[in-house]
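Here the chain labels run A, B and C in written order, and each chain numbers its own residues starting at 1.
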Amino acid sequence: MAAEQRIEPKKKPKRQKMNKRQKKEALWGLLFVSPFIIGFLAFMLLPMAFSFIGSFTNYNITSRMDFIGFENFTRMFTNDQLFLTSLYNTVFYVVLNVPLTTAGGVFLAVLLNRKIRGISIFRTIFYLPAILSGVAVYVLWMQLLSPSSGLINTVLSWVGIAGPSWLFDPNWTKPALILMRLWSVGGAMLLYLATLQNVPIQLYESAEVDGAGPFKKLRHITLPLITPIIFYDVITSTIGAFQIFQEAYVMTENGTGGPANSLLFYNLHMWNKAFVAFDMGYAMAMSLVLFAIVIVLTFINLKLAPRWVHY
Amino acid sequence: MIESSKTDYSQKNMSSESNAQSKYFKSKKRQEQLGKIAIYVILILVSLILLAPLVWMLSTSLKPMSEIVRFPPTILPETFVWQNYLDTIQAFPFFKYMGNTLFITGFVVLGNVFSNSFIAYGFAKIEFPGKKILFALVLATMMVPGFVTMIPQYILFTRINWVGTYLPLIVPAFFGSAFNIFLLRQFYLSINNELIEAAQIDGANHLYIWSHLMVPLTKPALITVGIMSFNGAWNDFLGPLLYISKEDMYTLQIGLQSFSNQSTTQWNYLMAGATLVLIPSILLFFFAQKYFIEGMDLTGGTKG
Amino acid sequence: MNSKRSIKLLKQSLILGSTVILLAACGNSNDTSDQESADGRTTLEFWSFWGSGARRETIEEIIEEYNASQDDVTVEHVYQPWGDIWTKSLAAIAGGNAPDVIVQDINSVKQRAEAQQATNLQDYLDEDDISGDFYPQLWDTVLYEEEAYALPFNTDTQVLFYNKTAFEEAGLDPEMPPETWDELEEMARQLDQGSEGNWEQIGFYPRWNIGVDVWALNADGGEAWFDSNGEVAINTPEKVEALEWMLDWQDYYGRDTINQYEAEFGSGVSDPFISGLVSMRGQNINYYTNLVENAPDDFEFGVAPLPEKEEGSGHWSWGGGFVLEVPENTDHPEESYDFMKYLSSTEVQEKFGMNSFDIMANTEANENLKTHEELDEMGQMIYELADQNLAVTTITPVPLNAPDFNSLVNTEIDAAFLGQKTAKEALDDAQESVENLAE
C-alpha cells in the first residue's frame, strides 16, 4: 500500500472518476464525519423539518396546525409593527458587539500569552466572567449599572463624566448590554490563547533580530497566524449575537423588552409570540427569516475569507 | 603572520562584537523590565475591573437579607453571615445535585472532546465528495434558533422514552456539536499537511494519524473544547429543566432557582449558591490552563 | 388538512426517525410514574413552583396528610422553577407526558383551554358544584365557553403601603392614609424632602411597583384595557386622565430623578421603601412578607386600599393569582380532581394561607384567617384588608384574540413618558394598534 502511494502523483486531476485510492480516502472521510451525520439525522433533521413546515401553518403547539401558506410572512412585514423594531435592535447589537468582542478577545489573549510570574492567576481572573452564568450575573449587572450607586457611573464620575441611566434610558440600553458582553470576553480570549500556543517562538525571535517592535510583530506575525480563529470567532459570534435573548428577557420587566422597546430583540419577540401568544407557527416563520439573514451573512463571510484568512 | 593577524582580527572583531552585544543586551534588558512593569500594571488594572462584580457577588452572599435591601448598598457586609452558606447547602440536597451535575458534565465533556475532534479531522484533512455540502449543514445547524426546535425535539425524546433520563443531555454530545466541529476544524486546517503525508508514506492510516499526530499536536485546542463543554454542561439550565422529572435527579442550576418565587428572591442564598457552583469551574480552568504553557514549550523555546 | 391529523402525521414521522437512534443507542425505557404501585395505589404527579421556605414545607405537609387520609392515591410533589415551570409544562403537554396536576397562572386559563392544554372539569362540578366557594372574579377566570378548566388556588391584590414614621415626622396622622388621588398628592407633597435634582425623600410616585394599567383601571371603574365585555377600551377619557395624572407626577419630580430611581431599584435588590427613600408605594399585598422578614424591627408601616380617583369612584385594584389545572390527556383526571378539590377546601386553604401569608381563593378560608388566633394583629389585618379589597379587585385574563397585546400598549405608554406623545395621543395610538392586533 505504501509503495502504491509513493508512486502516485500528488495532484490528482479533478472531476474525474475516483480511482481506488480516492475511493478509499472518501470512505475514511465519511467514517470520520459519520457521527455528525448520524446525530444530525437522529436529533436535528426532524425538529428542523418540523419547524420549517410549521412556519407555513398556524401551529399553536398543542392542538392546531393548519396550512396557511405565506400568511405568517406577509403578516411579519405588513402587520407586525414590533417585527422591524426587533430586527433593528438586533442588527444594532450585532454590528457593535461582534467587532468589539473579537478585538477584546485578541487583546486579552495577546496580553496573557507570556510566561511571567503569576500568569496562571491572571488568566483565571480574566476567564472568570465567562464562566459565570444565570440570573445572578444579570442582577449583578443591574446593580453595577445603577446610575448613582453603581460602580460604573461611580468610576465615570471620578473622571468627571456624568454617566447615563443605562438600562432605563432607551438610548443607552443596548450599549449597556454590550458592555456586559465585553466583560465576559474571556471566552473568546481562551480560543485565541489556545491558538497562540501554536505560534512558533522562532518566528518572533527572528523578527526581533530584524528589529521588529511589538506592534510590528503583532501586525505581521501574531494576527496572520490567528486569522483562522478570528474567522471562526466572527462567524460564531455573529450567529450568537443575532440570537441574543436571555439578557433582555431577564433584565427587562416581564420580558417585554422595554424601555420603549429598546431591548426588544428578535428572539425575544419570537419567544413572546411562541410562548405567550402560543403563535408558534409565526415564531417558526420568524426563525426561518432569521435563518435566511444569517446564512447570507455567513456566506459572504465565507466568500471573503480567502482574502484574509491564512491557514 | 598572516594567520596570527587573522586571529587577531577575528579576536578583535569578536570582542567588539561582544561589547556591542552586551550594550545591546543591557538596554534591551532595561527595556524589557520596563515593559514587564507596564504589563503588570495593565494586568492588575484589568483584573480589578473584571473582579469587581465578583466581589459584589461574594459580599452579597455574606450579608443578611435586611442589609441587602438597604439603600445605599454597603460594599462590604457589616455583619458577615457565614451561616448563609450552610443554609444554602441545606436548602436543597446540594451534594446530591452536585453529583448529578458532575455525572452529566463528565459524559458531555468526554463526548464532546472525542466526537468533535474526530469529526473535525474528517472535515479538515480528508477529501471526500459532498464535504462542502456537509460542512454547510454543520454551519446551518448553528443558525437555527433553539426555541423553535425545542418543542419538536422534546416530542422526539418523549417518543423514544428518553424524557426523565439523562440521555437527552448526554447522548447528543457524542455526535458532535457544530460550534466545536467548526472550531477544531480551524485548528486542524492550520496544521501542516506535510506531516500527514509523511505519516501516510510510512503506512499510517487516518485513524492512527488522528490519534497519534493530530490529538497531541492540538492539545491546547482540545483542552479549550473540554473547558467550554464543562462550563456549558455545568451551567446548563434549560436542558435539565426540560428533561428531568424527578427531584432527586436535579442539577445545581435547578436547585439555585428554588431561592426565587413569585414575590421574593433570597439574594443572599442565591449568591452563596452561585459562588459555590462557580468554584469547580475556577479550579478546572486554573489547572487546565497550565497546559497552554506546556504547549508553548513544545514548539521550542520560551521568551526570556 | 385537518390540523389534528397533520400533527399526528408529523409526530409519527418523528417516531419513525427516532427508531433509528432507538436501535443504535439501546434507549432504555424507564416509563412514567403514572402507574399503579404495588400496593394498588395510583400515583399522581403534582408540579408547583414552591421550591423553598414556608410554601414548600406547607404544601408537602398538606400532601402528606392527603396521602394518609385515603388508600387510593399517592400524590408526589415535584418542584419546578418559578416561571420556567410553564415552559416545561407546555413542552410536556405537547409531548403527551404531562404531570397530573400543575399550578398554573390564573390569567391564562382560557388561553390554555382554547388550545386544548387543560382538561375540562365541568362534569365533576356538575356533580358537586363548589364554584361558590371562591371569589366570583376568580371563578370567572377558570371558565371557557362557560365550562370550568381549573380551580382557583390563591390570589393577590394591589394595595398602598405607607411608612408611619415618615407620616409622623411630616405631621400627618399615621392612622389616616390617603383616600383619594387628591389626598395622595397633598400628603406626598408634605412627605417630600429636597427639591428638583436632589430628592432625599419622595412622598409617592404612582408608577413604582404598579403600572399605568392599574391606575387606569382604578380610574375607570375597574375596567381594564380590555373591558368586561371583552372590548378594547384603552383610550377611554378616564384612562387618558389617569395617564395625564401620572405624567404630572413625572414632571413634578423630574424625568431624570425618576429614571435614576427606577434604575437604582429596578433589579429588585435594594428596597427604597424599607430604606426610607419612598414613603408610600402601591404594591402587591404579598409585599407584607418582605417587610416582616427584611425590614428593621422598628420599621412602622401601614397598609390601605389604593386611593380612589375621586370620592365615590371606587378603590379599584388589580389582582392575579394561581390555579390548579389538570393537563389535557392525563391518565387519572378523576383522582386529580379529587386532590385539587382537597387543596381548595377551606381547611387546607386556611393552612396554606396561614403559613405563607398568601391570600387564598377560598372566601371562607380568608374569612377565618381574619380572626385566626395563630396570626398576630397585623397578620389578621392583612387578611381583613385583602378580603375587603377583593370586592373591588379586577382580574385581567389574557384576551384570546390578542394574547400579546401588552407590548403594544407599553410602547405607547413609554412614548408618553419620554415626552414624545401626549397621554391622549399615546392611548389613541395604542387603541388603534391593539384593535388591529385583535382582529
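One rule holds in what follows: contacts are C-beta pairs under 8 Å (C-beta built on N, C-alpha and C of every residue); 3 or more make two chains touch, one makes a residue touch a chain.
All values derive from a computational prediction rather than experimental measurement.
> Among line, ring, star, complete and other, which one matches the pattern of chain touches?
Topology of touching chains reads as complete, every chain touching all others.
> Most central chain by CA mean?
Located nearest the centre of all protein C-alpha atoms is chain A.
> Once you count every C-beta pair in contact for both, which comes out on top, A-C or A-B?
So, comparing the two chain pairs, more contacts are at A-B.
> Could you tell me the distance, in whole angstrom, between the mean C-alpha positions of chain B and chain C?
41
> Averaging over Cα atoms per chain, report the distance between chain A and chain C in Å.
Comparing mean C-alpha positions, chain C is 37 Å from chain A.
> Approximately how many whole Å separate the CA-defined centres of chain A and chain B?
Between these chains, centre-to-centre, one finds 16 Å.
> Would you give the residues of chain B that are in contact with at least 2 other chains, written as numbers and ranges?
71-73, 151-152, 156, 237, 257, 260, 267
> Residues of chain A that contact two or more other chains, please.
38, 42-43, 46, 50, 61, 139, 143, 149, 275
> Listing for chain C: what residues touch at least two other chains?
10, 14, 17-18, 21, 87, 90, 94, 264, 268-270
> For chain A, which residues are in contact with chain C within the complex?
Touch list, chain A to chain C: 38, 41-43, 45-46, 50, 53, 57, 60-67, 79, 81-82, 139, 142-143, 145-149, 165-170, 253-254, 256-261, 264, 272-273, 275-279.
> Give every residue of chain C touching chain A within the complex, in rising order.
It comes out as residues 1, 3-4, 6-7, 10, 13-14, 17-18, 20-21, 24, 86-87, 90, 93-94, 111, 115-117, 256, 259-260, 262-264, 266-270, 328, 403-404, 406-408, 410-411, 414-415, 418, 433, 436.
> Under the definition above, what is the set of chain C residues touching chain B in their complex?
Residue list for chain C touching chain B: 10-11, 14-15, 17-19, 21-22, 25, 27-33, 45, 49-53, 55-56, 78-82, 84, 87-88, 90-92, 94-97, 99, 264-265, 268-272, 274-275, 277, 284, 286-287, 289-290, 293-296.
> Show me the residue ranges of chain A that touch chain B in the complex, using the header's touch definition.
1-2, 5-6, 18, 22, 25-33, 35-40, 42-44, 46-48, 50-51, 54, 61, 108, 111-112, 114-116, 119-137, 139-141, 143-144, 149, 151, 183, 186-187, 190-191, 193-195, 197-202, 204-205, 214, 225, 228-229, 231-232, 235-236, 239, 243, 267, 270-271, 274-275, 280, 283-284, 287, 290-291, 294-295, 298, 311
> Inside the complex, what are the residues of chain B that reach chain C?
60, 65-66, 68-73, 91-92, 150-152, 154-165, 167, 171, 237-238, 241-242, 245-247, 254, 257-267
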